[in-house]
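The following pair of complexes shares a single chain, chain A, combined with chain B in the former and chain C in the latter.
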Partner chain A sequence: MTKMKWAVTAATLGALLLAGNAIAADKKVVAVSIPAADHGWTSGIVYHAQAAAKEINAAFPNVEVVVKTSPSAAAQVSALEDLSAGRKLDALVILPHTSEELTMPVKAVKEGGTFITVVDRGLNDPAIQDLYLAGDNIAVGKNTAKFLVDKLGGKGNLVVLRGIPTVIDDERIQGFKDGIAGSDLKILDIQYANWNSDDAFKLMQDYLAKYPQIDAVWANDDDMLLGVLEAIKQSSRTEIKYALGGNGMKEIIKKVIDGDAMTPVETPYPPSMIKTAIYMTVANLIGQAPIRGVVKLDAPLITKDNAAEYYFPDSPF
Partner chain B sequence: MSVATTEPGRLERDRDFNFNWAAAGPFLALLVLLAIGFVINPDFLSATNLSNVITRSAFIAIIAVGATFVISSGGLDLSVGSMAAFITGITIMCMNMMVPNVGLWSIPAGMAIAVLAGIACGLVNGVIVTVGKIEPFIATLGTMGIFRALITYMSDGGTIPIDRTLREAYRPVYFGTVAGIPLPILISLAVAALGAFILYKTKYGRQCAAAGANEDVARYSGISIIRTRTIAYVIQGACVAIAAICYVPRLGAATPTTGVLWELQVITAVVIGGTALRGGKGRIWGTVAGAVILELIANLMVLSDFVSEYLVAAVQGVIIIIAMLIQRFSK
Partner chain C sequence: MTKMKWAVTAATLGALLLAGNAIAADKKVVAVSIPAADHGWTSGIVYHAQAAAKEINAAFPNVEVVVKTSPSAAAQVSALEDLSAGRKLDALVILPHTSEELTMPVKAVKEGGTFITVVDRGLNDPAIQDLYLAGDNIAVGKNTAKFLVDKLGGKGNLVVLRGIPTVIDDERIQGFKDGIAGSDLKILDIQYANWNSDDAFKLMQDYLAKYPQIDAVWANDDDMLLGVLEAIKQSSRTEIKYALGGNGMKEIIKKVIDGDAMTPVETPYPPSMIKTAIYMTVANLIGQAPIRGVVKLDAPLITKDNAAEYYFPDSPF
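On to the complex of A and B.
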């Protein structure tokens, strides 16, 4: 029965594609505007956007996905003008540098009749977007917290490393605090380490000097977790049961796959979300699969069982 | 000739006998900070904590020794943080490339490449500033962007990790100890001792200070400003390379965020150490004390409980200013 369904779906999709080919002689253009790779997570965004463009351009001859990276908000505004100046864009997939500066320029593109997909960071005016796709930062904190509550039997001393004062960081911390609420897990200390491995290494050394008994560490990002693990290794302290991160860096996912005792799980805020968004946008464009709305990707706990889904060994992140 | 060379030496010895408060300033500030730290949290003075903190300060201290030359010769180098990241990246890539052929020998070979790269980077900075006659602030702001972009390009914005087979063998350069003292501390002491010798005891050191104190007077006395300043930038480059060599084994990777804002920490360490930012006077040992002070302040912020995580940077700023004031009034 299921096989039958698949066959029908495939046939329908194939027919649609053929129809699409017949109607649109010229190519449909999908522009992707993203930040340039300047740290781990954005490097993942660039990798997945380019991978999606390559796959789609090869699979659908009548679609052209163009990826443009910009190092700053101002540069991204210029890039939007350049992308939409020469030709009509059928769709724009954008991960805005900042909400404030990009809202009006994206609106201008929309007024030219372009389908707008916004990823991760929302614009100030949600009416502009046709599709909004993002991860769930609160769930990143909450699911990690629930794992710790469960594994530590609801009791223990935690230290937390947070990133840079931003909404993303605040939401993760908020989710984490909500997650441990009601248990006897105690956050001994919480300090900024700027999503930077070196700062995290130093901060973890200081935590270790300050607190004789730490049961678990949560760094709300995997770059920081790398520094934390190095500091723990140097200290030869044995009481720390878990050191967890977040985001889905390939080195950390690999640890989960290998069954690492200290980092057995991971919570994703995966840069591959840009790929998901590009595919959905293209599906709408050529497959008549209506997708207007808001999509929130969950942050399910990545364990040994499902880690392969999130493991991209060729990605720089 | 022999009279001429012994004369300054004797003068310096005289100065040592009359206790020099200005030179002692940073060390007094350091002692005060240690005392305050002990009162706040006795763990502060534990051997592990102090050895961690001083080891951590080694990168900034080593780079700041080079910066003492650049600044006392009347220059400035904003590119050191990016340069450190760039050299770290080159070093790791070269080591990884050589592993299949030469095995563990790729570690010393990579170190040699790091030093050559550092000297080359320093030379580029120096030539742009001296021969190109571009303000050091602007010239090194330019190369700062260039080095940062290069490391980002080399890593695709991600991480350049060192080969697994080298990781354990290289680890002791940061984590190892000799007679109980962490290796990076010994390396930074050696660099500082060499720097102090060059700056205080050699002809070049005196030319350096002369070029920074008054360019015209120095030129009329037959000192080549171009040569003196270019060499200062080359020394800076070599110091950055040595810091990079110590840095690689700590996390075993280079990323586009490696060494971000180190340049400001370096300049702060130099100034806390008693070197005048406008040039003319360099104090190597003060610089080293300055680097340790900066790292101790950050450590103290974490070990104390009464500073909100949101206010840490403000309190650090206040402490740095107070440390400078202690120096000023101890003159």
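On to the complex of A and C.
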């Protein structure tokens, strides 16, 4: 066995030596343009983009993945100019700061012959993208709702926290409402808390003051869930059976792994999706694997059984 | 520049040497179970699965992709038993011979803790799959139809060849009918030719005998298109402007690259999709990239501009 492994190593070395002279000319460049780490989820995006670059650059000597973070839409527009100046980008993987400001700059890059992979936030003109990859916000809400219907035996009082008025928030809430439809789960109240822990803490305190019997809380997002859990902890309330979030924050996944009673499940809208997009793009460049189209990742219920797959202890998120 | 490349090579060698002892224990096994090459499209599946295995095994020393072809559903059931006997499969990528016979055997593999990626032909119970990846047969028909509506100025006489009565065939035809809806393109005749060149040759001869004015032919599949083209060639007919197929056979892609007047475009239902599925599965195993869900690859119109991306001169298909 050891002998075979060394034979493989030697063969790999041989291939590297033979390939040596061809590498520079044949090297395919994949630029990854993403927002800087301005909150938990985008810090996860930065972490996973850099991890993908490291893994792929080590694995494929003829691919160079270059990651560039930008603190604003204007900076991202400049970054695109810098990235494509003086060299042909074979592919661009981009999570745009805003659809409005990035649509035309990305179109210009595409017109230079670059394969365009758009992640999470779409451009205003979908014809520009070759691959679009995002999570499924409807499933985030629906799968959480189905868990609660099941665990609460189809009846009980809920309070729900919304994020910021956006398509993302609308879809999550729609999925949740669809998921409890037909049951006797009742939403006592539903208000916005801006995907912010402090705002969620205050809103949850209001809910606790107003409603004497709350069976479960759905926070729609893990940053808000942290505020909710703190408010519950500071109260003397014991009737609340579940407080759930969504997104895949590592602190919440850890609770699932540890078998936490109040937060035993999670639904992902994982920043690691940037990694999926980068790997798919590289598969197309390296092996001509067909990837054109629209990919909507599922948001399966994360339980103790599968949580390790979604847990990144070294990630900031 | 040369010096830098050698430094990288040396570093890679170092990593391989250091990793040497850990490889065997940490090696993740991805089994790929596919039909044997019983016709053009499946011969493409075999070619691309083996190419993916070669590329990935060379790139990632801690992954072993094992490809097993099976000439029948019964043989594929046995192959699954052999592949999973005596070792844990981290992932299984499978294109089932039949949904009926493979559903329970794949379920058994999943229950052993294996990640299941299903390609093209679904299992009877979708809950078994972690990732399902297929092409878009509706788009195959629709994008072809839109091309004809555009090029024929919205009017003309068409003849269409169907394959074998299946969901795949129904979807392609439905997409085509949707695509010509609202135009004055008229389908003079539409009959089955079993996705077979000889049958298509005979059917096209019938069409030619029956209809004095045919503006375009849609063969629904490239094997049938070959028969259609031969029948047209043997006739003295000159009014037929376009004869189009679908699937991505290399002979047809080559025509597109060469600017063939009668077959200037193609739509893919490419066997290389097995490669996409394998790369995605490896991204999950190597980098925990989230890939659970349903991926339907687009079937964009292949034109002279993008044909190289879909052309595999060394593939049998």
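The criterion applied here is as follows: the second predicted complex is superposed on the first by the 291 of 317 C-alpha atoms of A that agree within 3 Å, B and C clash if a C-alpha of one lies under 4 Å from a C-alpha of the other, contacts with A are read in each partner's own complex, and residues count from 1 in each chain.
Throughout what follows, contacts are C-beta pairs under 8 Å (C-beta built on N, C-alpha and C of every residue); 3 or more make two chains touch, one makes a residue touch a chain.
Since the structure is predicted, the reported quantities are computational estimates derived from the model, not experimental observations.
Contacts of A:Tyr207 after superposition: chain B is touched, whereas chain C is not reached.
Contact with chain C, but none with chain B, is seen for A:Ala51 once the two complexes are overlaid on the shared chain. When both complexes are overlaid on chain A, the residue A:Tyr279 reaches chain C alone and has no touch with chain B. In the overlay built on the shared chain, the residue A:Thr114 is in contact with neither chain B nor chain C. Applying the stated contact rule after C-alpha superposition, one finds that A:Asn247 touches neither chain B nor chain C.
In the superposed model, A:Ala36 lies in contact with chain B only, and not with chain C.
In the superposition on chain A, A:Ile190 makes contact with chain B only, not with chain C. Greater residue coverage of chain A by touch, when chain B is weighed against chain C, goes to C. Within the complex formed with chain A, the chain B residues making contact are 41, 43, 46, 48-49, 52, 56, 152, 155-159, 161, 175, 250-253, 255-258, 260, 298-299, 302-303, 309-310, 312. Put simply, chain A touches chain B in their complex at residues 36-40, 42-44, 46-47, 162, 165, 189-192, 195-198, 201-203, 205-207, 209-210, 223, 226-227, 230, 234-235, 251, 315-317. Residues of chain C touching chain A in their complex: 1-2, 5-6, 8-9, 12-13, 15-17, 20, 23-24, 51-52, 55, 58-61, 136, 268, 270, 272-273, 275-276, 279-280, 282-284, 286-298, 300, 309-310, 312.
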